[in-house]
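Labels run A, B, C and D following the written order; every chain starts at residue 1.
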Amino acid sequence: MSQLTYAQAAMAGLSEEMRRDPRVWALGEDLGRGGVFGQYRGLQQEFGPQRVVDTPISESTIMGAAVGAAMVGTRPVVELRFADFALCAVDEMVNQAAKARFMFGGQARVPVTIRQPVGMWRSSAAQHSQSLEAWYVHIPGLVVVMPATPADNKGLLKASIRCDDPVIYMEHKDLWGLTGEVPDDADVTVPLGQARIARDGADVTVVTWSKMVHVSLSAAAELAKRGLSVEVVDLRTLWPWDRTAVLSSVAKTGRLIVVQEAVLTCGFGAEVAATVAEEMGGQLKAPVKRLGSPRAPISYSRPLEDRVRVTVDHIVDAALTLARA
Amino acid sequence: MRDSKRLAAQYLTMRRIRAFEDRAETMARDGKVTGAVHASVGQEGIAVGVCANLLPSDKITTTHRGHGHCIAKGTSPRAMMLELFGKAGGTSGGKGGSMHIADFSVGMLGANGVVADGLPIAVGAAQGEKLLGRDTVVCCFFGDGATNRGPFMEALNWAAVYRLPVLFVCENNSYASTTRTETVTAGPGPSARAESLGVPAFSVDGNDVAAVDELAGRLVREIRAGAGPKFIEARTYRLHGHTAADAGAYRDAREVEERWTSDPIARCAAELRRLGVPDSDITAMDEAAEREMADAVAIALAAPWPDPRTAFTDVQDVGAPV
Amino acid sequence: MSQLTYAQAAMAGLSEEMRRDPRVWALGEDLGRGGVFGQYRGLQQEFGPQRVVDTPISESTIMGAAVGAAMVGTRPVVELRFADFALCAVDEMVNQAAKARFMFGGQARVPVTIRQPVGMWRSSAAQHSQSLEAWYVHIPGLVVVMPATPADNKGLLKASIRCDDPVIYMEHKDLWGLTGEVPDDADVTVPLGQARIARDGADVTVVTWSKMVHVSLSAAAELAKRGLSVEVVDLRTLWPWDRTAVLSSVAKTGRLIVVQEAVLTCGFGAEVAATVAEEMGGQLKAPVKRLGSPRAPISYSRPLEDRVRVTVDHIVDAALTLARA
Amino acid sequence: MRDSKRLAAQYLTMRRIRAFEDRAETMARDGKVTGAVHASVGQEGIAVGVCANLLPSDKITTTHRGHGHCIAKGTSPRAMMLELFGKAGGTSGGKGGSMHIADFSVGMLGANGVVADGLPIAVGAAQGEKLLGRDTVVCCFFGDGATNRGPFMEALNWAAVYRLPVLFVCENNSYASTTRTETVTAGPGPSARAESLGVPAFSVDGNDVAAVDELAGRLVREIRAGAGPKFIEARTYRLHGHTAADAGAYRDAREVEERWTSDPIARCAAELRRLGVPDSDITAMDEAAEREMADAVAIALAAPWPDPRTAFTDVQDVGAPV
């Protein structure tokens, strides 16, 4: 175990995989200088400019080229910098990466890991703050991963690189500096599709992912003081998502809150809430509940930005309301 | 002197493509082939002249109008016809249809329904091959209409920046669907765009298969030797409609008629005769091509549908539908 | 009233608006020849090539240019041909069209109508068949409209053109030939955000939109024979969606099925189901239920394609199961 | 002989931009300005030389590095500074920040956080203006890095196809973030790309405000007269880091030092002196610029935050959040 930041953990995971498998390589803008968040620091020095490739500002081609390179047997790690800019490469993700294997009757494999940092991060405003995980969960062929901890950002990144499917890999920009214990063993990966019970509880289940795991844990601590026992489920992977973990937690608590940073409307929380309502509708102690941001672009100004954040208070209030229902 | 054996082989491949597409269009009009069918009738010289210079290990990508490239690269027309019929045994098991034919066993990395999307894929394939230490050449076919989409420019720049082994082949048939491409394309044209992006460009009469063969042969050798990407602009004409359902009312009948006089197959036949190839040899090739494709259709008509459960296979390993 | 097809109705709506307001214009590939589905036939002849503009194959710029043209006071109608190709212009839709007004503090208005035909349509395979309405509902700033009938395809298109917000306007490719009564009056529009009760019923509410309205109506007819009275709510507009109509219908029936053609996972049906579960969880006679296509790309081959369609039988089965619950 | 009054006015605008950005960077480092701040220090000659030739009714679009263009087009630096602080009264009411400044009242149609996205918007604005029968010129500023994105190419082709009144201004400062643009850009460069797309291109020393003024003046006149789009490649250098937080470790300190000797403001001052403008006039302008921006900062520091409820206003008319 080492104490690493979320960024360092990803770096460790990527460099281990690059050492282990010469077919793994990374491409994106400014990677040679360490990437925009320092999450590639030193990699070009170790692996050279052929395997840590500085690209032109050509998102469509960064993504399209990765698809081609994957189809001939390499395993590209694509850096798209911000989930917002990834929109410049959506066609290549959805129409090519996600569909190639199926469309060509199984002849193609597209083992690309597509990193697109998400989330609100000090006054980044409307074009540098989005969380669009729900979009990719809606697209057949894609795997969607959202690590919340340094350990997971190593283990899930490694698992994603080893996966033969295209993986949308969303790191949260507000977590880069978060430190935690990270396994040193290069063979340790975190399996895709398995949730983590971040906190055990009996009264209310909070299903969440990415940065909201930490906010939910704070809320759970606060609620414990008020006598409410909250179970926090960190989904880690949104597709496939761990239905078993969620359904069995809700079977225990009878109450579900889904907490996301993304816009509430048509977010991934809707999928979880709808599924639980479909499967367990009759057995719940209270109706399901979703928290997420209002359907507005994200503001620059601090007080405006804060206004759209899901906070500890929101979760506490929702949990208390549910418990009272 | 031109090599008549090589040219005859190219003639045969062109004839096979033509025989395949004529039938594909008929079957589409008969409702046997259900999706859109985009025939490359009149453009076969480019597919054949270029692919004649590729090794089986070389790769190609193509577009919605890709039957010719597939056949020229070695894909089985029988499997292609099964695919067009949506039948079991098709190149994609019936999942793809005409616009998504692929045959990875011969380096055919897939046709594409999104205009210009094959270019970034091709440059990436070249980059991957280079990383794996192979001396593969990747050839990327696309139309004149595609040269107005951003990924065209990005991919050319990319190939030049990394000096990738890519041969770009622009089939300039003057049309993009119902639109005359020149009406929506500014500047001197595809070759000038390529040059401005650092990719040396060469123009050729795409309806002269021998000329295409010669130019592509030279460029493929240079590319394989490490010269970086090259660009061919092949002038040609789409003799049929945009799809089998398109009567082409937006073009003057005389324009089309006149262009038929430059049909690459007829021109190649004339050249073969000039080189002393007997008519009977030519007729034999014609008949072989027709027979092969008639068989392909018969087989496709008789073939079973794929198991409907395959609608859910080959989606993904992790989180596959159940 | 006239008998018009869904395509003709849209044409009538667009041409009326172009006559009414010289700032309205249309742009897209092959419009001069009538558009790929004939839905622009004759318009360039009437309005000239400056107002019915044939464009290069440049989706990013078709969309980006429309944003710029809207910002200076014109009202572009953008034709993107297939929702799948619209992915080539997602950045411009989401990062520009949807955000400009907000990001610039209310200085910009982006009154563009963005037509992107959706849906399965005889063997069009994976790159010409998608229905991605859920994506756009998730994006603040956008309105999302999906007409199911010829009358609505006139009235809603007119309302969308008159709307000062960017509107994602999704016509279903399988409906172009559908005929129906269409008002001739150029002043008649269909208000955005109001559902239509396509059929009254008492036992089960089916909430649906676009082509699935017709499939649901057939199912309702079939179910009537079996003694089940089904109310079919045609949402027409997915953002804003008519919560009042849905909630009051479910208040009456106590049972909800949401029927969509799109991939079920993270589809718009999840939003409707989750909302109803949140608001009415305790009062339902049976758990909510969603129908949609499996999470797989769409196949070319007929029997494979048919396998992913939501059919009358699926709806009938789901309704009977709910009624029995 | 050069017009010293015109040049002096341009000097003042450059100085105002510099004084604005120096303070914006300091405030960013102090944590008073929270978002990313991209200063155009060293590039002011282009903004000023070009905008000097635009009418108030003309439009511009710009990028993440757009303060200079905004000020040169007439946006109030006070409102801009309020915006950077996220305070009430900011150009976007605090919703946008440095990267999303806009001032429609002076034809400033918005800065943009997505590289190259301003180009299609600009050509569309020109098309809209043309449709409305106005003789507006639209000027679009962007960097050298942007010339590798697809929309760059698409927009140039588009402008040429429809002969739109657009002046494209590429500020070639040799860098895109931490990357030397030439390492990821093939071919002869932006001007060649423009020419290949049918847009006549002109190169200019962007640090010579008078030269920019002259060239832009001629091109704007031609464009307004109906000559179609033109392209300026202005050579310049970004003297500061990519953002206020960027120390620029990827560049040699000597490279930067050397480029400071070509600072457009110092050069302009020298030219003014050569034209006989007294030092006291120059100093007076310097002081006025500093005073104006010191005031802007003081006002911004003291200003109230916007009402948090405005986080939900101006989203949309139909279906607005509640």
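Please note the rule applied: a contact is a pair of C-beta atoms (placed from the backbone, for glycine too) under 8 Å apart; a residue touches a chain by one contact, two chains touch by 3 or more.
Predicted model only: the values in this text are computed from it and were never measured.
Annotation: omitting chain C yields no split, and the remaining chains form one piece by touching. More inter-chain C-beta contacts link the pair C-D than the other of C-D and A-D.
Chain A and chain B, compared by their mean Cα positions, are separated by 40 Å.
Inter-chain spacing, taken between the CA centroids of chain B and chain C, is 36 Å. Multi-chain contact residues of chain C (touching two or more other chains) are listed as 55-56, 58, 60, 84-85, 88, 91, 95, 102-103, 125-127, 140-141, 239, 294-297.
Residues of chain B in contact with two or more other chains: 90, 92, 94-96, 100, 112-114, 148-151, 154, 157, 161, 183-185, 315, 319, 321.
With chains as nodes and touching pairs as edges, the resulting graph is complete, every pair of chains being joined.
Listed in rising order, the residues of chain B touching chain A in the complex are 59, 61, 90-96, 100, 102-104, 109-110, 112-114, 117, 119-132, 136, 138, 150-151, 154-155, 157-158, 161-162, 313-319, 321.
Listing the residues of chain A that touch chain D in their complex gives 29-30, 32-33, 36, 54-60, 84-85, 88, 122-128, 294-297, 299-308.
Contact residues on chain B toward chain D in their complex (touch as defined above): 148-154, 156-157, 160-161, 183-188, 192-193, 195-199. Touching chain A in their complex are the following residues of chain D: 34-36, 83, 86-87, 90, 92, 94-97, 99-100, 112-116, 145-146, 148-150, 176-179, 183-185, 250, 305-306, 308-312, 315, 319, 321.
Every residue of chain C that touches chain D in the complex is listed here, in rising order: 23, 25, 50-51, 53, 55-56, 58, 60-61, 63-74, 76, 91-92, 95-96, 100-108, 140-143, 163-165, 192-193, 239-240.
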